[in-house]
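Chains: A, B, C and D, in written order; residue numbering restarts at 1 for each.
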């Protein structure tokens, strides 16, 4: 077995999800590479040690600059707030490390371009953690579309609804709350949630030509955890946009953290000439499928319980009828990354592919300000 | 147009449902016969008049014996408590009237046999109001089974759950509550609710060979509305039974009025070699259908919105996607009755067919007492 | 009983739905007024007679101008294509008739203004058939909102999806297909489907300040039934728009006839500070409700089967658990109209209220052309 | 950290599920004990080594007798076919090992009694892998019942439906198919599937007094993988039974492997005086809950997405809205077992508790033969 020695930077929610994936992938998938949890890195030494002990990392670092220079690290995994992605990734690329970076790729398109340039110059394998592509039901959707079952696509609609920031008492900034701090996050729901919707959409339905957006910040000021002061909220609490894809289909996208009753309702629906598809993160193990070519008297939306061995990834898990969960999408992403290494066909989204999502996000935010349609910049 | 002059006996819930059906059928279906609301009959003259005025009956009677002897009545519709069915039906048959009788046919099998003998001797068209056969989704289920789509049947399961008698303060007997009075109803959930399940089952899956039942009366005594005294409750509050059909399939049936959260949850599911079917009265316009012959990766339960013109009865109503409701099953039953008259092929269930349901009910109640399997008597 | 003598113009889908409502309302509701089907009007005498016979109209007319001048007509019901609404309504108002007009009110705002002026000058009772307000689950939604259960509203999203015009072989124009002919319909999904969504939204969530829309005509040319020639399609096949309500909430609206799998999927969702509501025309008898004030461990979306006597309108129908259907919304609308007559508090939407929907539609179509945000004109 | 050194016997589906649980529990739960994968045991040395390598077991054995005598093993986990449970468990108890045994406990009640006697004499911690108790939604159901929210229980109904043995070409016996071989399995769906339903039921609703069952073997003969001959099928393909609980509630239970469309549809519903609960393994992360004490106009079944930190076990996993899957129930069971060790309050079901399930299974199979009600033996 070849070793794939991981150096993980950050120990939050994503740090846990990635660590779990590295630990599990070898139990369920067969590769030449074996993931080795080599080092965990966090500024707080005590927290780093505790995290390393819990997950089985063999060493700790408190300075990411040291981590990326270590000879015994093959792959750097970036799980820190968005404002740190670029600097770390560019340095890691220069150090010749493979890089897995949390989404969104960057704070904005220019920063993202530099990151793409860095990994491409260094020729290091790279990928961004848009994990929802690897939910089996979503991968099945991709397969059905690629087989041409839907025919010409007329409509795409996606939303990602949450309700966890409705209280005005919630502060911004700091551990767990950096997503509310524009300096750390770059944007609100656009980069955090719509980026997921856009990544999936680009993968399933091709490029987006132009967008027309509105955003809102319902709560204008929040106490900042780091400064202790009440500060202006710089992020978008909600964002909705119209879009036109290059293939002629029309789209609506919406995201908010002010939708009571929805914890993480990421849904998408695609309407084609012959068939339609619907998926919902709250029941991520199911795919809804309607095929107009079914005989008319028995035509209906099919609720497909994606747990059979012939459905994507599921031959690696349990038996039909027994569902997997959220965390498995990360295991699949690691598996695909390794598969890409071994096959020479890199798994996506690479930094370059993720830059396209960044460009859509930037066009969305620009449109929300300009109040008109904005074209999506072409990736360069 | 030929006139079909209706004489309705009883003005309760079913009196309303039937009257609505007679009034509507001609607006949506084309027949040579036209329903004429000739007379409404109830012991209380004021109530009879009020009912007649509201529904457009041209006259009233307070004595059913007079009604059935009137020359200007072609069809007698019996919508009174179960203990009155036999006497009225037998007299109406003797008077040469067509008869539509509310379900269950009779208080018990012997009574039912007399009723069958009477209508067959008089050669009068007759039918029992097991209306759920005429819900389009249920009729579609029948069609799919008859086409052989399910293959060999392994399992049948039905239940009818309600929750309206949980309070011990509810009295028994009298208007609206005669279903709790064993003298008027004959039995509890068995004759009231399971009879519906059994009628559908016999129609869809053929004869039942034997049954094994348990019953329970959770509230042992209730005040009687008519006597004013607290009296023993003679009906079954709940009944569940195992059954074996003649075709080798196994079945479970259950009914209760003590299932919180269910107002009228009549459901049935049929599992065949190739396909399965599920239906639920709470969403009566949908049929759930699973076909194992679908390609495996897109196999799933289909939720069929039964509202297209090529689905049973639906070409008579609105446009696809617009659902009909409970009351329409009665309109369809009248339509089928008239169609039977005009075509010479009587629509079921006739009294003779409904007697079979009675025989199953009797076997169920007998088994609950004997605590063992009981064979279902053969219809004679 | 006072008579309310109806003169109906048009005999299509809506002519049937309205006639059914007039015939049924008196069976289920108690009023001083009794609906009398006095005259049916259609240009084709044979069709008019056939329609009158089927529904029980006592006379026929072939010229609507004659109908509205008849002394024995109290109320004119306009069920003809949109391009005829204004002329008939204005003439009927001058003739002093009450008017019930199919939706949308008019071809455009200027025409609508004239109609409003006419009925207000003539002081005749008037209403537009936005029937979905009267689906019990929708009325319950209104009640919950008015009680303040949702708190501040953050989001409104509605869509109305169909799939019946995907085939390029479908012609435009003529009976049943006038909705595809811009000269008869004025617009496509905007006036036909989004108008319903807008009416409900204005009723539930107040006025709309501005909109930003895109439209598409997927099939550019269709054979015209009346001319026999292939002609340019002038209607919008699909329309989506962003909106901001006066109360600060954000909205997305979308409609299309190119969404495979959806026959008439009108849905709306409202997210408030404390609670959220969702409704779906395909299961119109249910309301989904989430209340954040429920104890957290048992918090969840409630699927409310709106069939209990204490829920809107349902005490007039059957018993709990037994659902009503699409057509009942029209019965309720007639009932509310009569209730308005008798109480002196007119039921909505009146012509004036429906004009507001027209103004939103016009702003939507204007925005689709201008490619920017458009303010909704204030009703005058 | 104290070490809990595991010796696992068997490497099939359950061997994987348990190994995964041991590996994960320490990443997500905090205990004094740390699971150490000490040895994996299987008769085939090559397979044992391969399994050990994949899961990280430090050594292998090919004879379970050796394994249980090793000093460096604290806990023996039995994941072999049912006919081997008793011998191994009794020997392991004598060797003073803690024991985790796959379900059902034993081939029958007498065997089970010996196992209980052995572990109780040896005073070794013991548990049986009825993992569904540890699905968070099921644990939440237990909590709601224990809080008295349901009030008096009237009804319990459970079913476990599969469809994987419908083909007559499927052989019996051998790896993966021993569940069809009565010599290895003891019974068919009764011990395999109904045992799960019964364990949950006893936990949630208390003891069962008596049962009345029917069983069926649809395919009478199958080729035997081990002998190569067509042999009589000795297991029950389907089993349904009526039951009465000690608390007066009525129950129906059903299981089959001949229900098309259901891969692993384990469902249960409990109807109480005040509230009802429903759960379904196909959407295991949801609990359906109806509370009659909700205000009537907004009363409905709540679909609770069990993923919040205040719901059972969920504070150990991700964030609200992100579901876990089947395998997590095993992690929870290990966590509870360790918690039991550390707290001195053993987690259930112990062998003694699991014996009660065995007694119900035996009564069910006895009733199917005797064709009458059978009392459930009291645990001794």
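The definition used in the following text is that a residue touches a chain if its C-beta (ideal position, glycine included) is under 8 Å from a C-beta of that chain, and two chains touch if they have at least 3 such contacts.
Everything numeric here is computed off the predicted structure, so don't read it as measured data.
Asker: Among the chains, which one keeps its Cα centre farthest from the Cα centre of chain C?
Answerer: Most remote chain from chain C, centroid-wise, comes out as D.
Asker: Taking the mean of the C-alpha atoms as each chain's centre, how many Å separate chain A from chain D?
Answerer: Distance between chain centres, rounded to whole Å: 36 Å.
Asker: Determine the centre-to-centre distance between chain C and chain D, using the mean Cα coordinates as centres, and give it in whole Å.
Answerer: 55
Asker: Could you work out how far the Cα centre of chain B sits from that of chain D, in whole Å?
Answerer: The computed centroid separation for chain B versus chain D comes out at 42 Å.
Asker: Touching two or more other chains, which residues of chain D qualify?
Answerer: Residue numbers touching two or more other chains: 262, 286, 301, 305, 308.
Asker: Connecting every touching chain pair, does the picture come out as line, ring, star, complete or other?
Answerer: complete
Asker: Provide the residue numbers of chain C that touch chain B in the complex, in ascending order.
Answerer: 13, 16-17, 19-20, 23-24, 26-27, 54-55, 162, 164, 262-265, 281-286, 305, 307-308, 317-328
Asker: Quick one: in the complex, what on chain C touches chain A?
Answerer: So the residues of chain C touching chain A come out as 150, 154-155, 157, 159, 161, 163, 166, 212-214, 216, 218, 238, 240-242, 244, 250, 252, 254, 256, 258-262, 271-276, 290, 292, 301, 371-373.
Asker: In the complex of these two chains, what residues of chain A are touching chain B?
Answerer: Per the stated touch rule, the residues are 140, 143-144, 287, 289, 291, 294, 296-305, 308, 310-311.
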